[in-house]
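As structure tokens, here come the structures.
Both of the next two complexes hold chain A, though its partner changes from chain B to chain C.
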Partner chain A sequence: MTLIAQSIALFFLVAGTAFSLIGIFGFLRLPDVYTRLHASGKVSVFGVVFLLIAAILLTPLSAWKGLLLIFFVLLAAPSVSHALASAAYKTGIPMARVERDDLKGKLEKSGEEG
Partner chain B sequence: MRRVQIAIPLLLVYLALSGNVTLPNLVVGALVALGVSSLLPVGNGAAFSWKRLPRFLWALIRYFFVVVTDILEGGLSTARLVLDPKLPIHPGIIALPAGSRTELGAALSAHAISLSPGELVVEMDDEGTLFVHCLDVQQSAQYAEAAQRLRRRLLREMFE
Partner chain C sequence: MERILDITLWVVLGLHLLMALIVVWRVWRGENSVARLMGLDLASTLTLAVLVIVAMLRQNSIYIDVAIALAALSYISTVAIAKFISDHKVF
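Coming up: the complex of A and B.
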């Protein structure tokens, strides 16, 4: 039983570390702030969630607390990504390699909201 | 009354997290919960009713599975993109209807989009149009609408 739990924990530990690394890798490779948010906001969150699952199995962290932490991470991460993307767009940071921008010109029209 | 309705689940979460149900902790938890709920804006969502509860829970469970699949797919596909030596991205911003008239519904819908593959909400206007940044504009423009329709239907069952 403990062997099975430990193997599962090990899998999540390795997967979590791998996804965290891929997130950093993506952060370095992608060209601008918006695409980089995809890497940090999704791939790295994936890594954190996997590491938390491993922590539930391996450390004295109780399952309920761990699941609540996962829930909060999943709740907070997209909000943070959105806040950063929105702030970046409003301060006028340009997008690299942009192919289409439906938001262009819309912001000036709606005034100084936000 | 709405504020107390919000405060009770907050108190329960507080007790669950701190893991001790003694009287002083209960009092502190109640004060924190009331303080937080007094700071929250009271939304314009549909009022709670017992008759709607089963339908709400069923929609919530289905929505949960949709969102979990989206998270898994989003993480994996973004990871694959990042590791591709050619870095095949076609970034851009597209407009999508949020499709929920209540504030909570629109917020949840925006949240779900941010978790779904290669998409990230940048801005939202007064008419409830979401402006979504995508890693692959063509692909997202093709699939996002259908995915959004499914989420919208579930959100509508829950909050309207």
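Coming up: the complex of A and C.
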């Protein structure tokens, strides 16, 4: 395989692992559930997508499957974070430092239909 | 160049498995159910990353199909459990 493709894949491999490490570090250190969602989002979006780009470059016959998985991961990650955040908010998990809480009074009205 | 790639792949595989262990330990010690659910979602994403690395190591693209199935399953189960936690009913 050409040297250029391998070096690009190596770069994406290292970048993906770096993002996963940062995400896991954030997951362990951040104060409460809501801020921790940033970290888990980063891992599942940047970490896996960069690894997949490296996989597309390295493994044979994996171009279209890799693109499909990249598309699916990029589609799934935000909605998972949203589902987790709304579950956390509805079960009343406190925020570490509340700057603004726009949803405070409104949730009860929308609770019946939701 | 092949040598460097192989070594990096093995190191990256070890790192991801270590991270998965840390996340599972954190799920074990989780303070509330949503934090635990987030840890599970993170662990499945890391397993997905491990699958992709194994696809690169074995030079066989069947592992990416497995990763697609894992991504779909983990997405649906996490959203279903999150809905169950917030409303105590899924549908």
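In this section, the second predicted complex is superposed on the first by the 109 of 114 C-alpha atoms of A that agree within 3 Å, B and C clash if a C-alpha of one lies under 4 Å from a C-alpha of the other, contacts with A are read in each partner's own complex, and residues count from 1 in each chain.
In this section, a contact is a pair of C-beta atoms (placed from the backbone, for glycine too) under 8 Å apart; a residue touches a chain by one contact, two chains touch by 3 or more.
For clarity, every value in this text was computed on a predicted model and none was experimentally measured.
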Touch check for A:Gly26: first (chain B), second (chain C), both, or neither?
-> first
Tell me which partner A:Ser86 touches in the superposition: chain B (first), chain C (second), both or neither.
-> both
For A:Leu74, is the partner it touches chain B (first), chain C (second), both, or none of the two (neither)?
-> first
When the two structures are overlaid on chain A, which partner does A:Met95 contact: first (chain B), second (chain C), both, or neither?
-> first
Is A:Leu51 contacted by the first partner chain B, the second partner chain C, both or neither?
-> second
Identify the partner contact of A:Ile8: answer first if only chain B is touched, second if only chain C is, both if each is, neither if none is.
-> neither
Could you look at A:Leu37 and tell me whether it touches chain B, chain C, both or neither (first, second, both, neither)?
-> both
Which of chain B and chain C A:Leu103 touches, first, second, both or neither = first
In chain A, both chain B and chain C touch residues 23, 37, 43, 62, 65, 68, 79, 86
Which residues of chain A touch chain B in their complex?
-> 19, 22-23, 25-26, 29-32, 34-35, 37-39, 41-43, 45-46, 62, 64-65, 68, 74-75, 77-79, 81-82, 85-86, 89, 95-104, 106-107, 110
Hey, which residues of chain A end up touching chain C in the complex?
-> 3, 6-7, 9-10, 13-14, 16-17, 20-21, 23-24, 27-28, 33, 36-37, 40, 43-44, 47-48, 51-52, 54-55, 58-62, 65-66, 68-69, 72-73, 76, 79-80, 83-84, 86-88, 90-91, 93, 114
Complex contact set, residues of chain C against chain A | 1-2, 4-5, 8-9, 12, 15-16, 19, 22-23, 26, 32-35, 37-39, 41-42, 45-46, 48-49, 52-53, 55-56, 59-61, 64-65, 67-68, 71-72, 75, 78-79, 82-83, 85-87
Given the complex, residues on chain B that touch chain A span 13, 16-17, 19, 71, 74-75, 78-79, 81-83, 87, 89-95, 110-111, 114-115, 118, 120-123, 125-126, 131, 133, 135, 137
